[in-house]
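As structure tokens, here come the structures.
Presented sequentially are two complexes of chain A, the first with chain B as partner and the second with chain C.
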Partner chain A sequence: MNNLSELHLDALAEVFSIGAGRAALSLSEIVGDEVRISVPFVQVINSKDINSTTLSLNSGRFGAVSQHFSGPFNAEAVLLFTEEQALKIVSDMMGSQMSLEELAEFEHEAMCELGNIILNACLSAMADILNFTLESSLPDYTVASADEILQRLKANSNQPYVMVLHIDLAIEKRHTAGNLVFLLSSASLDNLITHVDQFLGKIS
Partner chain B sequence: MSEISLKPFDMNDIFNTLNLGVCAVDADGKVLLWNDWIAKHSGIKETDALNKPLDQVFSEPVSPSFLTAIKNTLTYRLPVVLSTALHRSPLPLHNISGADQQPTRMYQSITITPIQSQQNESCCLIQVTDSSTSIKREKMLRAHSEILKKEATTDGLTDICNRRFFDAHYEMAVADAKRQKYPLSIFMIDIDYFKSYNDHYGHVAGDDVIKRVADALKSQLSRATDIVARYGGEEFVLVMPNLPQEVAEQFAEKLKSAVFNLAMPHIKSQPFKQVTISVGVCTGIPENNDNLLNKADTALYQAKVKGRNQCICLPLCEAEEYLEQ
Partner chain C sequence: MPVDSSIKKLLIVDDSKVSRMLIRTHVLAQYPEWIITEAVCGEDAIAHADSDLPDYCTMDINMPGIPGTDAAEQILSKHPSIKIVIFSANIQETQQNRARSLGTILVAKPVTEKSIALTLNYFADSK
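Here is the complex of A and B:
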């Protein structure tokens, strides 16, 4: 955490913005409409301090898509949307083909796909730009409160750091904000910093 | 003894017995694997598919997002899912339900994962599952739930909305009017001397009166935003957004006339000797603790006191009332 400077965070936000651009392109292709995704900022938080308040998440139910990434950089990446947002995004993506009620059956799978597109795009952009290769598990989707999801993440790993990406996703005129949460082991964070340093060294 | 012979099954048998489509393509998109499931549902034999570019194997086009997903998996080595919801039917695969029936296009869920060939080539494995059954089940359940939902919110005798529906609708209508600052009108309606009607003509005839009054009230509504519900025994309630006070007053008179014009005899009802209603209306833009329903009920009570077959309209705003007094 101490080693990660503003410069590092800015560089990461830049890298993820490129990934977000790729994700937006894929989503636009599926929706047949312009989709814009941006990453306004990146935070790294000590996982002890992470809860729904520090992430400014409300008390509603959340849909969480998670994938385990491994390589020089090991992380569980989780994309969080409120359940309402998730349904709206999916219904927007599906156009007028289906009503909100009809979505229930498909929501799970469609959210997996949406999360998969965004997570893959962000991670592959990072791998591309910072020059390493990653492997990943298939996406999982769960619905629970933000604290339940965060508790589960913390219980499943003793990773000391959490990297949080705030994401804005807009389909046509509708804006939806989501959070992409990465759980990082300290070794992973060190490796990540090394790669970011190499990247910064190359461009400066 | 070699290790192979210890294996209880030939993996090829397993591969071809799977109730799931499995195929693999190499870095150039050429087919390396093609199991029996895929052959059966595509109508393309393994021998005709192997070593051909996947998009040229089929006679019909493959969806562009499927091809993008393959390209992404081959480039970035990350797994991709294609959901039924967003893609429906990316590959031209079909289900044949009966000999004389046309094959139907299959709804699919697809998973694409990076895999390495034994020659260390970067390939990808494509798994296809049939989601047609779950879609069919979902449609059936939805149809059932539509029927149940309608039954749960409809009054059995009159076929208009029931009290349960009204309670939920009223709360939403008030919240909407409050937020968007438009007036909401609540009409409380009661059939005059209904107890005497039941006592004199019997309950079957009484039920018939309730039905006919409900029909008469319903026939007066023309906007999709308006609802009429059975509030209790012989009581009805109408919720109508966006009516100026004077229009609401005129509408109450129309409701009263509609029932009067049914000309249903009621010997015990003085002085008209026919079935009439009393109407209490309250119109206003709801604010914090305003209770339109209570006010409409007060208006109905006043209409009863005033001699029945009457309409009384009260504004929601207390101040106006004080001024009148």
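Here is the complex of A and C:
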């Protein structure tokens, strides 16, 4: 297992909280109200050890926005909310009294936009602070069961590591929790650690 | 021995060790003689402000316990001479307004030479 110290994880959590701050600013402009996004902690684990507890995946269906990032650090990033929470977020973003059926029509587009905002804010904060450039693909949204998501996360043998960001999101006093999962190859994780070390080297 | 008035006391409040290290490093690069203390949450910051009476304080918002803005309000009500900069990634209008209403400013993270310069300028201007 690659060596991530507490200081590495602290640095990553700080980088992502800056990303979360940027995402909250963008989202607050969309919903016209205060948005709170925080990243309470970051975990890096072997994908074979990932389970429903790690991701707080209970029963039910989940909305997953995924996007590929490439650069010195290649990753597939997946933002996960329960479908029920996803619909509430969409409802907040659309800002109207739509029925659930009507909201479902916008779910795909609104969740892609939400994913795009959160993922790019986190990745751009990382790129700025750790000093590298990342390219991103277009976001894709799927709805799947917890089992399907776990199988997909474990199935990719080229990316044996997962970095999990636990995300708390509150729009208009409504609190939701989700996860942002990065699937990483061993080489990408090593590159990421090297960049964090370079960053920490400047201050220690 | 007379106290050198150019030596200032700075309290850094942030739950992230990396952020505290960054702020400390940048500030000491410019003012190596400053005395720096650190607090990891709002409650801790209030206790430090009472015991150390710093000249300046940088305050994060999102921390375990009370928000940094609430801690800043409590500190300023007891020690209005302390100059506080809200130093946070939470850069929404509501937080900018809150900082203004406390008579302070909000400087956006990340901690860089630029954001530290804004902070130090604010401290210097509000002597």
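Here is the rule we go by: the second predicted complex is superposed on the first by the 197 of 204 C-alpha atoms of A that agree within 3 Å, B and C clash if a C-alpha of one lies under 4 Å from a C-alpha of the other, contacts with A are read in each partner's own complex, and residues count from 1 in each chain.
In the analysis below, contacts are C-beta pairs under 8 Å (C-beta built on N, C-alpha and C of every residue); 3 or more make two chains touch, one makes a residue touch a chain.
This is a predicted model, so every value here is computed, not measured.
On the shared subunit chain A, the superposed partners chain B and chain C are arranged side by side without overlap.
Taking the C-alpha centre of chain A as the vertex, the lines to the centres of chain B and chain C open to an angle of 110 degrees, rounded to the nearest 10.
After overlaying the two complexes on the shared chain, residue contacts for A:A24 are found with chain C alone; chain B is out of touch.
In the superposition on chain A, A:V90 makes contact with chain B only, not with chain C. In the overlay built on the shared chain, the residue A:I50 is in contact with neither chain B nor chain C.
In the superposed model, A:D10 makes contact with chain C only, not with chain B. When the two structures are aligned on the shared chain, A:E109 is found in touch with chain B, with no touch to chain C. In the superposition on chain A, A:L123 makes contact with chain B only, not with chain C. In the superposition on chain A, contact is made by A:L138 with chain B only, not with chain C. Once both structures are fitted on chain A, no C-alpha atom of chain B lies closer than 15 Å to one of chain C. Common to the chain B and chain C contact sets on chain A are residues 128.
Within the complex, the chain B residues that touch chain A are 64-65, 68, 72, 75-87, 109, 111, 113-114, 134-135, 138, 142, 145. Note for the complex: chain A touches chain C at residues 7, 10-11, 13-15, 17-22, 24-25, 28, 34-36, 38, 125, 128-129, 200, 202-204.
Chain C makes touch with chain A in their complex at residues 16-19, 21-22, 25, 62, 88-94, 108-110.
Across the complex, chain B is touched by residues 26, 29-30, 90, 93-94, 98, 101-103, 105-107, 109-110, 112-113, 116-117, 120, 123-124, 127-128, 133-139 of chain A.
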